[in-house]
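Order as written gives the chain letters A, B, C and D; numbering starts at 1 within each chain.
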Amino acid sequence: MSPVNLESYLLVGAALFVLGMVGFLTRRNMILIFLSAEMMLQGVALNLVAFARYHGDLGGQVLTLFIVTVAACEAAVALALILMLYRRRKSLDVSLWQELREPNLEPVVDDEPLPAPPPPPELPHLPVAGPKPEEQPHETSHV
Amino acid sequence: MTEAHAQLLVGIWPFLVPEMILAGVACIVFLGGTVRADRHLWAGVSLLGYVAALVALHLGPATTTPADPALAHAALLPVLFDPLTKLLQALGFLTGILFVLLSWNEVDDRQAADWHACLLILVAGIGLTAAANDLVVLFLALEMVSIPTYVMLYVPRENAAAQEAALKYFLLSVFSSALVVFGFSYLYGIAGQTNLTLILEALNAPETSARDIPLLATVALITIVAGLGFRLKAAPFHFYAPDVFQGGPTVMAALLAWVHKATGFVALLRVLGFVMPPHVQPREFIGVALSEQTPIVFWFLAVITMTWGNALALVQDNLKRLLAYSTVAHAGYMLITLATAPYLRHEAGAVDGVEALLYYLIAYGAMTVGAFAMLAYLSTPERPVDTIDDLAGLSRSHPALALTMAIFLFSLIGVPLTAGFTGKFLIFFGAMSVEADHAYLFWMLAFIGVVNAAIGGWYYLRLIAVMYLRQPLQPLAPRPNLPGLATLIVCVALTLGLGVPPGSTWLLRHVKGAAGAAETARELARR
Amino acid sequence: MALFLDLTDPTRGETLLTFVRAHWPIWAIVGLGFVGLYTLLPAPRRSAPIWGGLLTAAAILLAGVWLMPRDGAWPESVLFYAFSLLAVAGGILMLSQKNPVHAALAFALVVLSTCGLFLLLAAPFLMAATIIIYAGAIVVTFLFVIMLAQQAGLTSADARAREPFLASLTGFVLLGTLWIVIDRTYNVAPLLRQLDQVAQAASWGEVEQVWGTAPAKGNDKTLPALEPLRRAFPGGPVDVLEPAWSRKDLPALKRSAQALLDYHQEHGHRRGTIAVPGHDAAKRPELPAENVAGLGRSLFTHHLVAVELAGVLLLVATIGAIVIAAGRRGEGLR
Amino acid sequence: MFDVCSYLWLIPALPLLGCIATAALGPRWLRGQSHWPCILGAVGACVLSVLTLIAVPQGAVNADGAPVPYLCSYYEWFRAGDVDVSFALRADGLTAVMLVTVTFIGSLIVIYSVGYMHGDPGYPRYFAVVSLFLFSMTGLVLANNFIVLYAFWEGVGLCSYLLIGYWFSRPSAAAAARKAFLVTRLGDIGLFLGILVLWTETNSLDFDVVLGQAHTLSAEILTIACLLLFAGAVGKSAQFPLHVWLPDAMEGPSPVSALIHAATMVTAGVYLVARCMPLFGQAPDAQLVVAVIGGFTALLAALIALTQTDLKRVLAYSTISQLGYMFLALGSGVEHHRLAALAATAAIFHLVTHAFFKALLFLGAGSVMHAMGDVIDMRRFGGLRKLLPVTHWTFLCGAAALAGFPVIFSGFWSKDEILAVTWEASRGGPHAVIYFVLLVTALGTAGLTAFYTFRAYFMTFWGEQRLPEEAGHHPHDAAPVMGVPLMILAAGAVLAGIVLGPTGLFGGFLEHYWSRSELPTRLQAAEAGGHALNVPLMLISAAVALGGIGLAYVLYVRTPALVGTAARMLGGLYGWSRNKFYLDELFEALFVRPFAGLARLCKTLDQYLVDGLVDLIGQVPAFVGYVMRPFQNGLVQFYALLMALGVAGFLLATMLR
């Protein structure tokens, strides 16, 4: 019997699950949202493997294996989907996709401005021969 | 692994022949699609596939019977073929045929092969969900319904709305499956087995007092109901539905409204132990379904769901959004059955919750698929049917189509002589005939349901009024579309036919058979 | 759930207040984590969220102390603490990093630490599979996509969290409740403490302090701790406890309590083990040593159907991904 | 004679066929001739109904000597366990009387509609829906169990909705249709729940079984069930507080108002309560509610009718008021089964006579509208008696019947029966005082009825001839296709009362069915035998009616003459006399003001309180929808957040139990 009790593993599993859920709800990058969902699955996997150890039954590991498989399937679809969506909006921000909503509701936009970005590092003075690097336009807050 | 168990494992393959046929045809269509882009060809091939699967189902072995006592532990197999499975398999294949017809002229030649192949896999998933007797199989079967859906939502159209719908559905579906498997992990933890029968048995071990389940099972109950509630479109897990219905293809809206709801409910029946395999030895099964907590959860879920759906449907102008909220409301009515099922007395022939649920599911499938099929039929690229106003004056230009649509809507309202009425009747009467200490709670549930149904009548009637009482803005010009028409005819025949005998009695007999397994469990629980 | 109040056993009814009070350490720890996480989540701000980091770290630390077994630190325990600290910290990092590349790398860290935990739990095959599939394939591919998309630098979306307060509040409630569930189910320490008090009791009054007043004759009220005890000591001599209690027979009760304690000692239950209804803990099987072979045997006999299903799923997903990305599309479907 | 069952199903089937034929053939082929299937269906059903009426008393009798109803089971709808719902039709005295009334008046109105609706663009639609209505209404009356009744109950509601909104291009019509649907639907919830309660208690839905088991039910259940059923009746029959839809329903074509919103559909509630008399008879509390609501509605609607200037609205309020009378009668059938039988008979009798004269009045109003170019405001025309002689005379018959003009006209006899029943109820029993108050109210209402009816009559047909511009130069009287139905109805309105009432024909026919054993048996039998005419009450009511008519005459016809005479006698005071207004004012102050004030108060209350309340109930779901809308903001993460909140909430709640 493991000196570490089941309870501890379950708690770590639950914490990963909940952290993944919070990440799913808060991160706005589509890829991070998907990875957060995967983190929820990691929590579940931990639960299952801990229970499998506890009960001395391989079923939990089998289920975990299939969860990993399905996660891989979903990742494949997610990758393709996110790429196509990126191609249209040129951004990974999921909040850009809110055209479908109840009519006569205003879109949700970011109102609070970002703090001023740190000043760009001093550019080394280039000799005249080289082309002057273009200033990167700053990202403005959108939708 | 005993010899008998190995024998049994080998013995389940004949039952899986229909699904194998579907998967095989799907492979052929996938491969063939790279060679030829022809929607008639691939729709025809997959139609043949469904017919072949139906034939195989009919000719194949009957249910795994309890006749042989040596087979008693057939319940320990990962898949189960009891009457419920058979019913869902047959329903799934019929649904496949219906959707092939519905989408026959709706998909472009170029995507037809992928579309129909995905549909084949999805339909195979329906039967397997019902057959699952193991958390592993159940999880995979549910994903077999989900993953083709992502593709089918995205592929047919490349515009922003469809992409947004696919994105929303995909992300939330992944989220909901994470919730479901979290519940599965706790269920597994209770018994140390992935087999559903064993899990439910463990929940009913002599140490546990009746009607009370361990806390882990309560957590599992909530997360599983939440995750599957996403498929049922139960509030507050339904939010994707209006957006996805509006943005995605109409055919997909129909698919989500019926197939996903059905699989969600069947998965709930299985995993919570509402339906137990018939050859399980009659021990005192409590399971999760018959616990004290479950009816409470479903009580509240039903009330929130139907109220939310109906209230928001009242303020909609977009047809697909309206039907999306209507599907939410109907999920609420169906959830009533799950709240009442554990309490229903089971006198000879009385309709219990599970039977009412199955009846209503099937009836609802016919009418809602019909309504969506009508929208798909009427729409043309030049003259899309999006808002309620687009239906104006349909009775003038196409009286027969208007009447058909009216029949679907009447059935959704629950006007007598339609399947919708009979279904609602069974649900509400079921709730009224609960004879428990707290029967008044279920009377209240029925009352809330009736009030909701009355409110619901209003927005459906608004559609009828628009069709019959208004001048058309711009006349509709549906293209002649034989498969689409066939879908409508099948749906209207089912909507009317299942509402009155002999159709209704026939269907009741079948759902009774399918739900019959629940009987043992309940009888014992009441003792 | 006032509506159903009369459905429930009045002795078990709990209000929110008593529920929180009964488990205040758990709520306090999770609450610390909640505040910390809320401040850590990406938001337009000027300075680094040091306080949030400190609070979260404190919460993790306190949780670790709470979980610490009383009987010394084994090497395995040390590994467990290391891996789970890495996993949880990685998770929090993933949530709080504004740069998506860093967040994805934090996720890789989570996966690797989980794999370490898998190894501790005698699942080497799963460890390898998860590392290969997640860390090796998924994370790397997604990193690739992120880098492709982030050529323009950080976006404003990555610097903002959606509904940070409500989301972390939900997480707080959920984690707190789950922790309490786990604690109530698997933690036998309070029960042992009760038994110990009863076994040491000098008078009946002390017993009543633990378990409340015993019923009058003919009352069918049962021992309040009976059900948890049954769950915690399946197969143990639980049933002798109740007659002694209802007879108010102090010596017999003390004897039974001591017997249960002995049983617990003998069967090596530690804090946080047990509670499998219907399964005798003492006879619980161990996992086979040959993990890969065992898994393979299980997969290709009992779970063969599932393997086939997974194959079909992989096929659909592959083709689906190709179809989505390559696009044989039109405007056909409405 | 054929077996009743062999043709009973044809009574609903013929209008249904008519509906299908009109719908299928109308728009394309029949067009202007679309009325034929409908007329044939209605007349056929009418003939069969008369046959049924004749056949019913000749049927078998049971041990008590009462006729056994014909029960014809055609088709088993569904059977779910012990619930067995079949399409069984039932023919007994009550059904037969209702059938004949519905189909006879329906036929006449359909014929009238041929003239009235001539040239309307929706001509086939109109007749299709009217046929559908006849089908539903006959089905409702013939139903032998609650579920079939409920089905047809919804059916007539639907037809009513479609016909109120017939001129859908008018926003007011659409709003009225919507209001009618919503408000009646409120009542329907009660009906459905009542049926559910009865089913759970008796395990059956058949009338015979449920009503036969009435005495086995506990008093509370019985009262609850009765009140729920009555809620359905309140909605359908436009009783307080759900009466608000009926005046608005006048947006529909006049024949529709006549058929559905006066003669037939709105009486479905009365029929329902009469049918369930064995239940109500044993729930005195429920009956008290019925009587009080009926009496109150009668008074309230009469007061409101006093100040209406829209002719059709006056009639609509009078319909509400008369329906209130019927419920008053039904609610008075307490104490013993003899009185219950009398009460139901009186209510149904008034239902029949009311159907005749109110249909007549509406058709007359329609005829006026037709001639006046769709103007219906009484202030804009007057003195039409020379111009529209047929309409005038037939309208007068109807008005006199409604006012209860003594002896000759039907309303007098049926109203008197109701008063007699209430009088009986007020002579004993626990609520005698309340019933006595109700009796006084009813008498007062009778006076008001006479007054406002004749006010409308005099304003329309007397005084100097005034025509609105819309009428054109040569307004013409009703064409024969409209005139003949008017005359037939007028004959009915005059004769139905005196032929059926005092002779005891009607009472004898119907009471026969009520005295069957299914009526309350635990109540004491009446000491009185047959029902005698209550002469003193008749005299009082006659006096009241004549008083009302007289006052209307004085106020709206006599006054100008009175003023003229005064002017001649007091020559020098010409200027003063020119201002006949003073006299008007005097009369107003003395007589009209008090009533008008009361009426205005009632109207205000009605408009803002009751109407507002009902509107509010209708608006609640939409409001809830409005509140919930912001949740659907299109952000996928917000949706996930709500899902997660749902999980957390449910989890915490389950823990806390």
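Everything below uses one rule, namely that a contact is a pair of C-beta atoms (placed from the backbone, for glycine too) under 8 Å apart; a residue touches a chain by one contact, two chains touch by 3 or more.
Note that the structure is a prediction, hence the values are computed from the model and not measured.
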item: Nearest-to-centre chain - CA centroid comparison; value: B
item: Per Cα centroids, the chain farthest from chain C; value: D
item: Where chain B and chain C are represented by their mean Cα positions, the distance between them in whole Å; value: 33
item: Distance between chain centroids, defined by C-alpha means - chain B, chain D (Å); value: 45
item: Averaged-CA centre spacing for the pair chain D and chain A, given as whole angstrom; value: 66
item: Gap in Å, rounded to a whole number, between the CA centres of chain C and chain A; value: 22
item: Set of chain D residues in contact with two or more other chains; value: 629, 632, 634-638, 640-641, 644-645, 647, 651, 653, 655, 657
item: For chain C, residues that touch 2 or more chains besides their own; value: 1, 4, 8, 162-163, 166-167, 170-171, 174, 177-178, 181, 276, 279, 303, 306, 310, 313, 316-317, 320, 324, 327
item: Two or more partner chains touched - positions in chain B; value: 136, 140, 143, 147, 150-151, 154, 167-168, 171, 175, 191-192, 215, 218-219, 242-243, 296
item: Complex contact set, residues of chain A against chain C; value: 1-12, 14-23, 25-29, 31-32, 34-36, 38-39, 42, 45-46, 49-50, 52-59, 61-62, 64-66, 68-77, 79-84, 86, 91-95, 110, 112-115, 136, 139-142
item: In the complex, chain D residues that touch chain B; value: 23, 27, 75-83, 125, 147-148, 150-151, 154, 158, 161-162, 165-166, 168-169, 174, 177, 181-182, 185-186, 188-189, 192-193, 196-197, 199-200, 621-622, 624-626, 628-629, 631-632, 634, 636, 638-640, 642-643, 645-647, 650-651, 653-655, 657
item: Residue numbers on chain A that touch chain B, as the complex places them; value: 10, 13, 17, 20-21, 24, 30, 33-34, 37, 40-41, 43-44, 47-48, 51-52, 54-57, 59-60, 62-63, 66-67, 70, 73-74, 77-78, 81, 84-85, 88, 94, 97-103
item: Contacting residues of chain A [partner chain D, same complex]; value: 21, 24-26, 28, 33, 94-95, 97-102, 105, 107-108
item: Chain B residues within the chain C interface of the complex; value: 1, 6, 9, 12, 16, 23, 26-27, 30, 33, 37, 78-79, 103, 106-108, 110-111, 114, 117-118, 121, 124, 128, 134, 136-137, 140-141, 143-144, 147-148, 150-151, 154-159, 190-192, 201-203, 205-209, 214-216, 218-219, 249-252, 292, 296, 299, 376, 379, 381, 384, 437-438, 441
